[in-house]
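Both complexes below contain chain A, partnered by chain B and then by chain C.
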Partner chain A sequence: MNEERYHKLRDIIQIYLPEDVSVTDISEKSHFTDELNINSAHLVDIVLDVEDTFDIMLENEDMEQMQTVKDALDIIETKLSKK
Partner chain B sequence: MNRRVVITGLGVCAPNGVGLDAFADSLRHGNSGIRFQGRLKDLNFGCQIAGEPLIKDNLVSQYFTPLQLRGLNASGIVYGVIAGTDAWKDAGLEPQGNDKPDWESGIIFGTGILGVDKFRESIHLVDDKNVRRLGSTTVLQTMSSGISAYLGGILGCGNQVTTNSSACTTGTEGVLMAYDRIASGKAERMLTGSCSDSGPYVWGGFDAMRILPRQYNDNPSEGSRPLSATAAGFVPGSGAGALVLESLESAKARGARIYAEVLGGAVNSGGQRSGGSMTAPNSEAVQRCILQAVEQAGIQKNEVDVINGHLTATVKDPIEIKNWSLALEREGPDFPYVNAFKSLFGHCLAAAGSIECVGALLQFQNNCVFGNSNCDDLHPEISRRVDSTKIPVKTITYSPKIIAKASFGFGDVNACVIFKAFND
Partner chain C sequence: MENKDIIDLLPYKAPFLFVEELLEVNEDRVVGSYTFSRDLDFYQGHFKDFPITPGVILTECCAQIGLVCLGIFLLETYIAENKDSNISVGLSSSDMDFYHPVLPDEKVTVTSEKIYFRFNKLKCRVKMHNAAGQLVCKGIISGMLKLKDIE
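Our next item is the complex of A and B:
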């Protein structure tokens, strides 16, 4: 795992966490809505932040596949390798 | 079922004061919140002055989470949340815990148009074929009921949560809607109020109608001149006011401080007939509204001792005074005290009614009638009908017993509410 990318992603996710979930609860395996309890409406905002941070563009299918932190990292990896 | 309803909390975000203390102080001393707006000058507005609340960033962060603040570009929501949350706290109430909503508390918080700057931002993205970049809060910030939705979530209210809209009558109408809901036993507490965004996209249409003053750009604090012979149009404003209405039983059971009792009131429309139009009130309807308010409140016409008018500083002010005079059958030295708060913060549009209700109610607690600014030269039609001592130009010491507050709006709509000094 690319540590730098993971830390950048964690910083993005952090702001969308509900009050009772801490940043230390985030791991690579975390499921955004089921485990981190992120409001599903905010997944679109996470996608936009990921796009801005990594200077990539995600398709609707990418968004649908992005269920966990690991999914997001994989998508970022794929997009960056195609740049 | 017709239960007694009292006011137990107030909050305000006004151009001349954010928070009750600052606002009351400004009303007492005649401090104006109307300032020159460089942005309006840059955009070639005729009227380049306006009333806009001054909100510090660190204040906003006390009311919104960092997540709520991301991409927040709706000034009306900021004003409404500050005023609404403050009113709740002022009433001695806490936001509901996370386990369940407070079924007995509701919200009726109005607006005319919400999130205008957010909507503009969105329009640009959409036109650039970038709709996918709008983010998740565009809808929430631009729907009219966004303000009641934000407040509903912050406070955890489980009774009716809605937004009313009736132009410049909105805030005063909301007080009566909240009153009805509590009086009829459908809720114990209602947060009511209204908000209006700031900025050129809200105010531009009024500038285009040539109903805003153009000759006070170098002298903003003198620009809003209700009741005056030299009234030159209304100065646009923005902000929010909020009131907590509560059943007397609930207020007593909590040992809450009571500002005043809401005796009732009336809303109606002139139907855009008999002199009424989209933009002008039908005088017969205004008089009926005032009269019905008095009757519904169960008081006599001569019991009203203070009027807080709509009085926008247009050519309609003398007509409004005449309508009060005819409806209450009072004139000369027998006319009630009257004040027009718009002289100090302009016309806050949908927020006007609620901000002015808050100001009117503060007179009970402060034992005063707040003074009027910029009307040393009373309009002759007004001075012929009302003794000038009844239009104080400085705040006077007085203990109001009954205050009548009216607001009128585009679409020929009227609202009048009657407040009474609380007496168990």
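Our next item is the complex of A and C:
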């Protein structure tokens, strides 16, 4: 796992965590909606921030696949490798 | 799509429909109006002795015109291709500031500008003015808009 990317992603996710979830609850396996309690609208915010931070574009299919932190890292990796 | 068709596609009806007329709709903005009839039920309780339109209802009016009508316009192509579906709406956040009260029988005009519409999330900057042109409220509203099959 690319630590730098993971930390950048974690910093983005942290902004949208509800008050009852702490940043230490985030792991690679975390499910965005089921475990981190992030709602679908904030999941879009995370995707838009990911696009800005990593200078990539995500499609609707990517959004559908993005269930966990690991999924997000995989998508970022794939997009960056195609640049 | 005609402006009236958009109103017909709204998933609301009286007593919770707060859109009367759409004056302008395009990819980036929508302008619409509504008149708060003195007969609306909530005036009997808000407030006990003097009726004033509740802020949540003003927010709802801004959301129905600014977010949902614009959303239907933006989803027009999908709606035309999927005749058996209807729009489903979930308000995800609203951050409003209020400046002037709206009294019974007042007509208001809502103007909404799209900030973005991506991955089914529409985020808009909304403003409501009264008939005298005074700013009633303004804010940022966002919601998730999807098409769902009619069962």
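In this text, the second predicted complex is superposed on the first by the 83 of 83 C-alpha atoms of A that agree within 3 Å, B and C clash if a C-alpha of one lies under 4 Å from a C-alpha of the other, contacts with A are read in each partner's own complex, and residues count from 1 in each chain.
Keep in mind that, in the parts below, contacts are C-beta pairs under 8 Å (C-beta built on N, C-alpha and C of every residue); 3 or more make two chains touch, one makes a residue touch a chain.
This is a predicted model, so every value here is computed, not measured.
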item: Touching partner for A:I15 - first (chain B), second (chain C), both, neither; value: first
item: Contacts of A:L48 with chain B and chain C, given as first, second, both or neither; value: both
item: Which of chain B and chain C A:L80 touches, first, second, both or neither; value: neither
item: Common interface residues of chain A - those touching chain B in one complex and chain C in the other; value: 41-42, 44-45, 48
item: Contact set on chain A toward chain B in their complex; value: 15-16, 41-42, 44-45, 48
item: Residue numbers on chain C that touch chain A, as the complex places them; value: 90, 92-93, 116, 118-121, 142-144
item: Chain A residues touching chain C - in the complex, by the definition given at the top; value: 39-42, 44-45, 47-48, 60, 63
item: List of chain B residues in touch with chain A within their complex; value: 66-67, 70-71, 133, 135-137
